[in-house]
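In what follows, chain A forms one complex with chain B and a second complex with chain C.
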Partner chain A sequence: MTVEVKSLTKIYQVGSSEELAVDSIDFEIGANEFFTLVGPSGCGKSTTLRCIAGLETPTSGQILVDGEDVTQTAPNNRGLAMMFQDIALYPHMNVVENIAYPLKVRGVDKTERQERAREVAELMQIPELLNKYPGELSGGQRQRTAIARTIVYNPSALLMDEPLSDLDAQLKVEIRKEIQRIHERAGVPTIYVTHDQSEALSMSDRIAVMNDGHVMGIGSPDELYESPENTFVAAFIGNPSINLVPATLGDGGGDRVTVDLGGEATERELTEGRPVGTDVEVGIRPERVDVLPDPDAGKLTGTLELIERIGDRRLATVDIDDGEIRALNLSTDTLAEGSTVSVAFDWADVHLFDGESGEALAHPIADVQRNEPTESV
Partner chain B sequence: MSLRESLASGQLHGYRQDLFGMLSKRWVFVALTVVPALAVFGFVNMFPMLWALAASFFEVGAFQPSWTWAGIENFETVLANSDFWASIRRSVIFAAGSVVLQVTTGTALAILLDRKFSFKRVIRAIALVPYIVPTAVLSFVALWMGNARYGIINQLLVEVGLISEFIAWYGTTDLAMLSVIVTSSWKFTIFVTIIVLARLQSIPASIYEAATVSGASRWDRFKDITLPNLKGVLFIVVLLRGVWMFNKFDIIFILTNGGPINTTTTASIYAYRTAFSDFNLGEAAAVSTLLFVLLVGAAIVYFYFFEPSQEVRVE
Partner chain C sequence: MSSDAATPMEFWYRLPYSQREKYYNWALNLVLSIGLVLILFPIYWMVATSLMSPEGLFSLPNPLVPTDVTLETYRSVLETDVLLWYRNTIFLAAGVVGLTTVAATLGGYGLARLDIPFKKTFARVILFGYMFPPILLSIPMFIFWRQIGIINSLPGVIIAQTATTLPFSLWLMWQFFQTVPYSYEESARIIGCSRFQAFYEIALPLAKPGMIAVAIFSFAIAWGAYTIPTVLLTSNSKWVLTLGLYSFTQQESVLWGQIMAASTMLVLPTFAFVYYLQKYILRGFRATRI
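== the complex of A and B ==
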């Protein structure tokens, strides 16, 4: 089973004006692939999913399930399954009736559908809840029931619209695992929508980052993290977010240029030529930045504004002339907020983006090439 | 001292504190909220009920102020009268017919209004008009619309070809009851619509969407989601409309005055006649008391058989 989205566009009529929710997007989801649509709210990810489900009619474009055009097929005949943010269990049916409902509308007789619902409930570890009503279940139990309901009829794809966003952190991790287990077991494409990039990174085979109705970048979690196509993807993927510092291209021009930053320069090869003097943004992940107590030891000098604890790590925010730098590597425990420090990083770790279009010009140099003398000039 | 100054000085604050303090006292709050309603209820409902109950055991003439003790004589007379039983039967027919018509069309209209379509507001407003217009006005409008010589309904039906000649809708023994039922439903259907629509709008859209994606057709969704969710509210609507229609007086009285040849003389019309045509107030009180007992009995049976506590599931 595969799912294909071809130049999908959705325009909503809001009063007399038109609102472009999804602007001609394309992607293809392979058999058994876990594919995530991620982006800030209002980016069109849910609309895209609802178009695939058939709950919204695309303004133009096509949806193909297993090579077959289903754009005009009614949602109840597409053979898909969907999980919703508010879980959407039927409040007047007990758990077994909820799980068996898709079988009921398919005309499966009562004993068989009860049997199959029981099996799936077993799989979801909720066999003792069969006769309870949704109102009597905990959040996690409801989620499990909802998952059971989506897989009981062997759908051709699983669609999930932020199913975890109302759960507490611990439950999130638990249900996340369940979803992945079910995805593996069902062996069908899963299309998952979330605004949480860490959720996307941890679950997906491939991710499409969306913004403003466009797909800004598409790829595996590693690809998006290591070589983002543009500043939007770079900034959206990864937490804490990437540092972007403005700089100007120096000597050379064309493919091979130097970048000046903090009095230091490096020579880099660009994927696309740019003339000398082009404004660029230097991107560097906080994971790759060190904070040094000596103001002159690093590349840039600034004031240590803030130290926050994020899990087991400490995040430092350093104010520099051109903004701020977030860093996760604090060289000593004695760094004090308010003191003058310097930040250091390896030139090999930086991304370069076009200052105007945000397009990526260069990505960090892979570790294998690190030892070659390409570093500073 | 102006209000602003009082506020600034904190003086007003003190008064307000006292006011809130007093209002927060349980008995003050109870008295302020419950007593007025209770007083009105007692004066308008309880007092006449008790008065009628008492009167049913006396012989009360309209022109003599003194009551004569009659024991259960009034009840014996009423229960032995076949006219009384015939009127009860008509009340049941009128109530059942009206409830069925109002609940089905009212629910259908609610389901229609729950959808998105143009002119929805206009339709809702039009449907609400008969309910707002006083019964007397509506009844006279209906009378003229169904008039055997000039009525627009006759005119339309003849033009469409459904009937060949004008019909006296409220004046024909075979049709009078049906006409009264339809007219009362015209007025009261929107009551059902308003309540059902409120319930429909509280059903989350995602439940329908979940059902749709998992393969449920439009009919499946109606049968398995809409109807079960409406059960509780329909239970209450049927009960209320049933009781109200069983006791309905005004609309029938104006439309047919119980006629022709008593075909629309329901129990409440019968009670009215006994009181104000036959001037037998004691017997009329007995009829009313019997109706009351009958309705309470019916309500108990209704609650017993339908177990609303199970149907009205509140999430």
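== the complex of A and C ==
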């Protein structure tokens, strides 16, 4: 089974003004693919999912499920399943009634639907909760019940609208695994909406990053992380987010340009040439940046503002002339906050983006292509 | 200056917290008891008076607890058409409660869920309709009801009385449905329910406490209705209890014993009704929150 979204547009009428929530987006979700829509709040990801579910009517465009146009089909006839942010277990029904409810709607007789509800409850490891009411369950148990309810009737696709956002961190990880297990087992496409990029990176086969009703980038987690299409994707994927520093291009002769960054310069090959003097942005992941106590040792000089611990690593924030640099790859233990330091990175690790459009011009040089070891300082 | 110069507030705050808490609770209970006495004493007085003999009624000083308990007044009340009026009252109340609850639930759902132009304005204007006193409505209703031929009939009164209970009930249900998360119905739609099924099987059970509040409200209005029935009902075989009650006030005398006996009979079913629904209210409240 596949799900296809073709030039989907959704305009909301707010009073007398129109609000463009989703602007002509396209994507295709393959059979058995875990597809995630990620983006900041208000980017249109939930609206897109609700259009696929049939809860919103698209202003224009098409939704195809398994090649069949369902744009004008009522939600109850699309054969999909959806998990909501607030779980939406019916409070007046107990767990087994909740799980069996889709079967009841489909006219399955009582003994059979009880049996099938029991089976999926077993699968979700909640067989002892069958006679409890949703109000008596913990957050994780509710999630498991809700997952059980979505898979009991073999839907043609699973839709999930931020189902984990109300859970604590530990439970999130647990239910995440549960969702992936269910996705594997059901063998149908899953469309998952989240604002949390780390959730998207860890779960998905493919991710679409959305902003302002547009798809900014689409690809596998590795593709989005290693070679983002533009500054938005680069900044959204990865935490702490990528450092972007303005620079200008100089002439390097032929296909080559030089990048001038705070007095330092490097050469890069650009297939689509850019005129000399073009403003660009240099992007470098904090994971590839070191901070050195010697102000002259690195490429950029600045004041060390802050050192904070993030998990097993320390994050340093350095104020430079053109903004700030976050660094995670710290090699020195004796950095003092407030002192003048320098920032070190490898030119081969930088991304280049167009200064105006934000489009990517070049990505880090893969390790195999780095013919000569560039000095890291 | 030492402690004897303390103001009452200072003295109060010098007490240990646990003691203050205790006094505070006593004070609250005292206020509650005063309120209860104010509410319950007239009811007690009504029952006590209905059990007195006609002679004892006017003796001075009147005893607080009747000494010569007799059911004579009840006997003489039962000699009138009171049972017929009883039946009429139950019929009227059932009709108003049924009609109001159904109409308010459907209307409230529609206002809360459907995209109707100017629905907010509409919902507020409804409440405006509640502000007309029954006496103002009953005269035009009388003329109108006579023209369409439903004067002096209980169904006619049911419709007229529902007009007074519906505005507030509709507004209440509109508010109530807004507290029921829409995602319940949305999830039901995706699961495979039709729109009506999602309303009937999901939204309706969750709106039960609101429906019961509406039922109690409209019952209270219909059971004690006087103005509209008195204008619209002309023959005394159609009377409701409130009108019958008034018939004990005769030209030269007021039959206080009978009035109190009939009033007692009027009041008892309301206790039963509210007592019966009370457990559903509580159950309903437990059900709405997960």
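Assume the second predicted complex is superposed on the first by the 366 of 377 C-alpha atoms of A that agree within 3 Å, B and C clash if a C-alpha of one lies under 4 Å from a C-alpha of the other, contacts with A are read in each partner's own complex, and residues count from 1 in each chain.
Rule of thumb we're sticking to: contacts are C-beta pairs under 8 Å (C-beta built on N, C-alpha and C of every residue); 3 or more make two chains touch, one makes a residue touch a chain.
Worth saying up front: this structure is predicted, and the values here are computed from it rather than measured.
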For the overlay on chain A, clash or fit between chain B and chain C? clash
Determine, under the contact definition given at the top, whether A:249 touches first (chain B), second (chain C), both, or neither. neither
Quick one: classify A:158 as touching chain B (first), chain C (second), both or neither. neither
After superposition on the shared chain, which partner residues are touched by A:134: those of chain B (first), chain C (second), both, or neither? both
Contact-wise, after the overlay, does A:88 reach chain B, chain C, both or neither (first, second, both, neither)? both
Under the contact definition given at the top, report the residues of chain A touching chain B in one complex and chain C in the other. 53-55, 75-76, 78, 80-82, 84-86, 88-92, 101-102, 105-106, 134-135, 149, 153, 159
If you look only at chain A, which of its residues touch chain B in the complex? 53-55, 75-82, 84-86, 88-93, 101-102, 104-106, 133-135, 149-150, 153, 159
With touch defined as at the start, can you tell me which chain C residues reach chain A in the complex? 181, 183-184, 186-194, 197, 202, 205-206, 286-290
Report the residues of chain B in contact with chain A in the complex, numbered from low to high. 204, 206-207, 209-217, 220, 224-225, 228-229, 313, 315
Chain A residues touching chain C - in the complex, by the definition given at the top: 53-55, 74-76, 78, 80-82, 84-92, 101-102, 105-106, 134-135, 142, 149, 153, 159
